[in-house]
Every structure is written in structure tokens, then in C-alpha cells.
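Residue numbering begins at 1 within each chain, and the chains themselves are lettered A, B, C and D in the order written.
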């Protein structure tokens, strides 16, 4: 693979350490609202985004810190956004669930399950009609598959032959609802057939497997200007949000999945392959922690937006 | 087959003649609003409803005159409803698109494409929880398949193992939109796989084929208490509604389908099989025409609801 | 040039398509069928299926696609056949289109125009007869326009498309066949209400499909010697309260006519603004003429009774003048 | 017994399940998870998965299934996690549940209760902070209830379920942790507003999540010697206008507090009714304290500035009394 394996591991550390700190900051009430951690699923965003180009559009959900960071949104501005600061990537208006970055074609960050999918279709339509080369990659959860928006969007994308890569991050639960209690057909990739669309699946705990699957799928979408459905099998190690008592799953199941921790297993693999030694791994971890420390300092230090600005950006100032 | 073949033919005549008269009455402005004719598709409702029991629930669309009549709603009260008379089956409040009959488990008559499907799921849930024997049969068009409601409903019915028979009346068009311009996957029955549901298809221009297919499907739904998706291939001979200039299809295509007219072909078959002679066929036609004449007389003769009653039935009177 | 409201809408769309290659029209049956109200007839032939884009029956999906297309640099005009079906798409309109700019800290504007037919009066019964204008007018981030005249139908689309934020255009179905002479080069100020008839005895405030009824009522009143001023709100969000106040300060009496159900109506908002800002200018309690609180029935005599009518407007004026 | 609003809701649901085998609770995560606001915790164990029915993420589908179930003879309580997601289900609520009885000429009643959380104040940002009560209050065929007290949370569900027609119960998320002593055998009149504090200087009209803020404002005002009457509308449709008028005829001054965006708000409807029916009882222009016309921002100081607050209510009272 062309991508730097060390970079993949380093980026997973960056997400993990950032989110661990977010959880602490939530306890300290520095971060408020809903906070959905991606911990356990890092291989998905890291493997996927490393397989894309700057021309591609990305949409994600409220569990999008990792995707934003991978897309190049500076950790400082992500952290500041979670604080609600004007230096945040959404000027403090969005918070954890609404990270945006127009300069990097990162379209959020939505808190309505399924609402990104139709928009992905539209972005791909714009690229197509404006003859831009990019494809649109839309991440969403297994829970979103039950929404009508999934059905309508996949049909539209396939019917209109639009370059959308739909990526299901199937972590087996939608809040407290296990996949088998939400879906009559639990093989989610198989649903593509209903839309005459190609599909594939990959191990979402293995960053290289994700990278390979997304590379292949994205290449097909790019070349064929047709959509594709990719299912990543993954698992979240933490609660759904900070309010979740996790009554719906066994500790044992979580522990079983933790044995497949995407970071620990990949670090071990790189050591086994002689790519890194233990110190090298620790160095990546330390760099990630340092970056997080810097981001927190940045978030703490930058000022609050004046209340007088409340009504700005409801509408676009004329002349823009 | 156990059903009386003569009855099947007679019922198709009843629908045909009733609707032909409705079209005339529309020209005379006796019937107003939207009027969607079923002409050409009669074999679907006739074959299907004859395969059901009185315990079964039926839901249809705005193109539901045939289903209502087959369900036993008197032609008089259907015609009176189209006139807007209080003697109509919806007391003149609903009109052509909203025929209802609670005593016959006929749940309409809806003008929002796809909106009957979730309700069918709920009716089947009620039957199941209240240990009633019926199944719920929901008719809808090929156009409705693109709606999110289709997706959500099929998943729910399959997930919860509810006795719903979903019947697509695929007449190849949704208003002016040909199936291939609305669906990436035009084999509609195949969509059942996405919901781990069984499916089948039948010739919707052949009343006996429909009867057989619905009998088989209904028996499976009844016995297994699980849903099924049935696709009927049919065609409407008339415009979508009385406002449609039919710019989107060739006269030749319509003429080709008219060769398969469900009434003419079935009449010929019964004659060929010696079940009826020409006079017998004419007698059925005449009886249908007479029934229509009586229905128009009824609709003409019965009184308008007083305007003072406008606000009744917004809410249920207490004590009911 | 004498044209119908329908023609006016089509000409406006055509102009937009000619003027800007980023503009496209999408919706159910806008292409081959010519539009359910025949607004887009002929456009497919002229502009092709990419720019006159028929959609499947997927209101949530194609409105959301319109939102995405707008963010992505196109200028979509999305037609929802009627406001009744717009209920299926509200999530994309309200939770995405209206919020995105603010929620992203000003990074993404959503230059989408969403057109829909509204209203009752053609015996289409309860599911096809809503007037939900006040729902849309309630939502920050949207602009809501209700062309009531052929001229406004002709001239409102251009400024709506020039607006970098989402605009909802609500077209009363009963207006499509209305006709008028419309000059070339017409423009429209989509910030301001329009006085359709000057008068000093009473202010009749209305919009959309009710305007012709209100003008007819004004004629009846004029014959009685009562000169009513007719104000067409035209822009429901942001409401041009100043124009309402100006009229009221002259007439001291007001009747608001709105086809929405009375409770929770746009007319209610107008009365609230008047009470807040012009209370002591009122010489009589303001009145609303709205739809009865009933799902619109099919039967003609009942439908007529449920909707605002000329006689009801006249009667309300008599009340406020008595 | 001292309980929270959350407990009260749960006890009411439990009573309903015990009292009538046709009652079931359905919605996303109402079962194993215990409800997103923990309202239904424990009910799955007691009543099993048939009657405490977890649904997939399919708001349109499961609300429609609730409508069908109600027509079919059950008495479903359908929980939509929050009103923000109810936008996906509005077609079934408005175009079916609300219309069916009238449209069928009185044949089908739809005895469904739809519960949803509403409101802002917890930094959940724009897509999770709507107050759309006036949308629901606009629709004939619905009844809309907004329990603001623990007692009402405890007592409103039974009459809502006894109502043969669709009822929407909107629960402000900020109320779930409020506590109160609630007696046994409580009942609630779901036709009438409730005076929460008698007073004669000004009428403060409110509902739902704003009630605690308004009561706090009344305390501040009382300390200044201004005795405000606090009226909790409690039933948004049908509106108990008589109670508003009664209060106003005593106080002659009114401030309406409503977390909805001001334009098109329920508060606007209240002002309209007052202008229509009590114009000459007003000694000062009525005022509304509503949310600012902005998608609710995440940052706390901005969110606070966007929502009605105690100080704003006090200031508005000073205005109407000055």
C-alpha cells in the first residue's frame, strides 16, 4: 500500500487521545451537550480518509470527530468548537455534533440520523454537473439504514449514476438497539441489490483492511461515476453518548471486541513487521498527547464570541 | 379454483362500467376534484379481493374505486361519495380519493403516496396483539416503492413478523414517470430480499393469475404470520387523472397493452371454455350497466349534508 | 404581454435557466409530464433532462439532494408538487437548509429555491388542501414568498435565486389560471409588502390565493362607499411589519385574510404584531378571516363553507367598522 | 409522594398499561435502553417486549404503524425521542392521524397518544433544540398537551388516552428532573388552563418548559411589589382562551412567554386572541418573550441569549406596567 503505515497508526492515536481528553473535559463541564465518542472505531475514519483525495466531499454524523481530524481540520479548532469558542471550526455554534470545514470539503456533522445521505447525493450531482473530479463519501451508522432517507438516497444515487460512496459504520448498535432488533435483514451490504448498486464489506477494526476496501470502492466510484455501498464492521467501546448507562449489552461482549482494538492490534502488527519498535509506538502516542494538550490550551485561551453576534449567520450577508 | 369464474368476470365489468360512467360524470362536473381511473387494472382488485376473507383488512390508494367495490362497499354509496353526498361511504367528506368503510375493514383511500404502508403494519400489529385472525392487505403503486415509507414499513413488518401482504400494482408509471426513470432496480419484487421477506409476482392482466397468486401469498402470510411482497404487472389504459395530457407515453404502447384487456381476454376465455356464451357475457355487462344506472340515480336523489354540519367529525363525540 | 400566472412562473424559470448554467429544476414530473400544474411544460425539450430533472417519488430524498446540490455550487429550483407532500421533506428544509449556515458558523450557505403549490378550493379534499404558510414563516433561516399576482409570479424568482439562503415559494393552485398584462423587465422587491389597492377606511391584509377574494371584497365594499386598502404581504418571512403599521395608522381598522386554519395562522402573527406595535392606533378589535378549524371536506358546499370567501371578508369589515 | 417529572410520566404510563391491555408503548429505545430520557426504565421488565416495543430508526414508519394500530383497536403511546425528529413523521401525524376521522365521515377515530420531548437549554445545538408547539397547535383534529408540572405529568396521560382522537404530548426536556410532592388519585382537566400563581398586576401566560422561568420571574416581581398572575396554558389545542381573557380582564396587562421562535409562535396566537376578544381591556401593548429568531447555538452564553430568561420576563413586565 502506498500510504504510510506509521501515519495510519499515528492518526488513530490522535483520534483516541483527543477523544479520551474530550471525555475528561465533559466530566469537567468544559464540553457540554451531547458527546458521542468514536473510540474503538478509529480504523474506519483513518483508513477511509487516507484513501481519498482533497477533491472528495465528506459527510459524517454526530460521531464525527475522527473524520474531521482526518480530513485535516486542525485539532485546535475541533477542541475549540467543543468548548463553544469562536475559534472553533463552526465558530462555537455547532459543538461536538456539528463540525464543519468548507475549505476542506467537510460537510459535517449532522445530528439528524440519515440526513446526510440525501445531501451526499446532491453534492455528487453538483460535482457531476459542474464537471469536478471529486467523489462524495458519506459515513453513517447501522441505525441510519432503517430510515427512509437511506432508501431514497441509494435509489437516487444509483438511478442518476452519481459518484457517491456510502459507508456504513456498522457498530452493531443504534443507541441501545442491537442491529438484529432493528433490521429484518442484518446483512447490510446486501441491501445494495435493491438499488442495483455494487457493494462490499470490510473489517472496520483493521485500518489496512479499511484503507484497501475504501481505495478499491472509491476507485470504482471515481472511474464508473456510479455509487457503491461499503459496510465496515466495527464496534464502539464506549457508551453511545455521555448519558448512556449501557443496559443493553454485556460487559463481556465489549471486552471481547476490545481484544480487537484497532490501535493495539495495529501497533503490535507494525512492531511485528519491524516497521516500528516499542519506543517508536510510544513516540506516536506521546506526539498525539502533546497535540491534544496544545489543543486544550488553545481552546482555553481563545475568547468567547460576543453575545451581540448572536444573530449573525442566520442569513448570508449580502455581497458575499 | 374455488371462486366462481363468472363472478370474477362480472365484477370486472362492474368496476369498468362504474368508472366509465364516473369519467362521463366528471365531464358533466357532477364529480369533481381528482379522479383516478383503474380502467385496465381491474383484474388486480377483483382477483385479489376474491382471495381474501372478511376478517382481512384492506388499504388502497387514491385509485381505489375497484378495491372498495370488491370489498362490498355498495356502488350506490361509492357513487354518492363521488358526488359529495352525505349518503356517500365517507359522508361526502372524502370524495373519489377517500372511500372508507369501517364495517368492511376497508381503510381507504389515501391521497398521500405511500402513507398506507405504515398503517398496514399497525393494523397487522393490532390483529396480532388482539389475537384476531385477519391479515392486512395493502395495495400501492410502483411509484410508492421509491418512498421512504415503503422501506420503513417493509422492514418493520418483517422484523416484527406481522401478517401484511404488500401488493404492488405495477402499472409501469407514476403519473408521467416510467418505472425505469424512477427506480434503479426495476424488478420490484426482488426488493423483498433487503427485508428478508418472501416475494412473488403475477400477471396483473389475468384475473385468475392474480387470484392464484394472492391466494397463495395470503395463505403463507396467514399461516406464517409473516409479511410477503407481491408484484402485479398491470397497466392503466386511461390517463393518470383527468388532468393528464399523457405526453409521456406512446399511443402504440397503450394499444399494445389494450390487447391484453383483462375483461375482453377473460370473457373470451370463459366463452372458449364453455363457461359462458356470448349472451351470458352480455348479460353480465348489462347487469353492471344497470347497477351503475341505479347508483347514479341514488347519488342524484340523495340530499346534501347541511352546511351547519361542517364541523362534525373533526373530533369524536364524547361517549362514543 | 398578456400571460397566465402559470406562464409567468415558467418564463421566470426559463430566464433563470438561460441566465445561469448552475440553475436546474428538479421534482416529480417536472420534465416529461410538464409539471403537475403544467408550469414547466416545454422546458425539458429546451434544456434537457440534466437541468429539467424528473425525480422519483422521494420528497425527503430529492429535497435533501437539492440542499446538497446547493451547498455544492448549483442553484437548484426544487419543486414539491404541493405543500401537502412537503411534510415528508420538512426535515431537510427545516433541520438542514434553514440551519446549516448558522450551525456551521457561516461556512455554508444553501442557495436553494423550493417551490410548492398550496391551498384548497378545487375539491381535492383534506390531504390535498393544506395552507401551511405559517409553519414555514416560523423558521429562522428561511425566506418565504407568496406571489399572488401574475407580475409577482413573473418577477419573484430572480431575486429568490439571487438570495444566497434558502427561499420557499408558495404558489396557490387557484392562481395558475389567472391572467394579466405583464411588462418586460419587471423587478420585485422581496423585502416589502405591496399595496394592491389604496384606501382609508380599513386595512385588508392578505397574501397568496386570498388576494383575489380580498380585492373582490374591496369592490363590494367600495360600492357601499367603504374604501378599503388592500395590502398583499407577499413576503411572509421576514414579515414587512412596517407596511402593515403604515396602513393601519391611516385606517385604524384591520381585517387579516389568510387561508390557513385560524388557530396558529400567519394571520395570528400579523394580529400579534399589530397588538404589540400599534395597539393604540386601533379603533376596533382586529379581525381574522381564515379557514374553519376542520380538515377541508370534498363536497363543494362544505369546502366553500370552510374557506375564506368574499362575503366573509365583507362581513368582517362591517364588524370592524360598526 | 415526592417524585420527578420523569417518574411521574413513567408512573402514568405504567398505570395505563396496567389499566388497559390495549395500551402499548412504542418508540426508539423505549425498551432495553430505558428511554432516551429514562422515562420508561423498568417497564420492559414488567410488561415485556410486545407492549414496550423498541422500534428501528424509522419515525415515519413507526408513527404510521401507531396510527394503524390505533385504528385497529389498540391504544398506542408512541414516543418520538424529540420534536426535532418528529419532522420525519409529520405526514402521518398531520395528513393521516389528524384528518382520518373527518375524511372518513366519522368512521375511524385514531386514539393514539404521541409523546415527544421538546425544547432547548442543554447545549444540544440547532438540530436538537426546536420548540414547534405552534405547528401542532395549528392542526384541526389534534389535541396538544404540554405538562409543565410534575402533577400534570402524572395526571395528563390518562385523559389523553381516554380521548378517542389523536393527542400530542410535548414534554420539555428541561423538566424531567424537576421534583414535587404529588398526591394519589390526581386528575387533570385537559380542557382548561391552570392558574399557577394568582395576581392582579399583570398576566403572565406561558406553558411547558417556560413555566419555571415565569414563576421565578413572578418571585422577582413580587419582591418588587408587583403581583403577577401566572397562567399555564397547559392545553395548546384547543386553546383555553376563556381563561386567558378572565385573567386579563382582571390585570389589563399581559406578557406571553413561549420558547418558540417569536414569529409564528403560539404566543402570537395568544396575542391575536387577546386583540380580537379583549382589545379594550388592555391598558398597555401586550408583549411576547420568545426565542430569538436564530437556530439555537451550541455555546452556552449564546444559547442563553437566544432563549427566554427570567430577566427578560421581568423586563417585559416592566415595559407593560410602565
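Keep this in mind: a contact is a pair of C-beta atoms (placed from the backbone, for glycine too) under 8 Å apart; a residue touches a chain by one contact, two chains touch by 3 or more.
A quick note: this is a predicted structure, and the numbers were derived from the prediction, not measured.
The minimal number of chain-to-chain contact steps leading from chain A to chain B is 1.
Rounded to whole angstrom, the centroid-to-centroid distance between chain B and chain C, based on C-alpha atoms, equals 35 Å. Chain geometry summary: the mean Cα position of chain B and that of chain D are 40 Å apart.
Averaging Cα coordinates per chain places chain C and chain D 30 Å apart. Taken residue by residue, chain C touches two or more other chains at 56, 58, 60-61, 84-85, 88, 91, 95, 102-103, 125-127, 140-141, 293-295, 297, whereas all remaining positions touch fewer. Residue positions 90, 92-94, 98, 110, 112, 146-149, 152, 155, 159, 181-183, 314 of chain B each touch two or more of the other chains. Contact topology of the protein chains: fully connected, every pair of chains touching. Within the complex formed with chain A, the residues of chain B that make contact are 146-152, 154-155, 158-159, 181-185, 190-191, 193-197.
The part of chain D that touches chain A in the complex is made up of residues 28-29, 31-34, 36, 54, 56-61, 84-85, 88, 122-128, 292-295, 297-302, 305-306. Interface residues of chain B facing chain D in the complex, by the touch rule stated above, are 57, 88-94, 98, 100-102, 107-110, 112, 115, 117-127, 129-130, 148-149, 152-153, 155-156, 159, 312-316, 320.
Put simply, chain C touches chain A in their complex at residues 22, 24, 50, 55-56, 58, 60-74, 76, 91-92, 95-96, 100-109, 140-141, 164-165.
For chain C in complex with chain D, the touching residues are 60, 84-85, 87-88, 90-91, 94-95, 98-99, 102-103, 125-127, 130, 132, 134-135, 137-141, 237-239, 260-261, 263-269, 271-277, 279-280, 282, 284-288, 293-295, 297.
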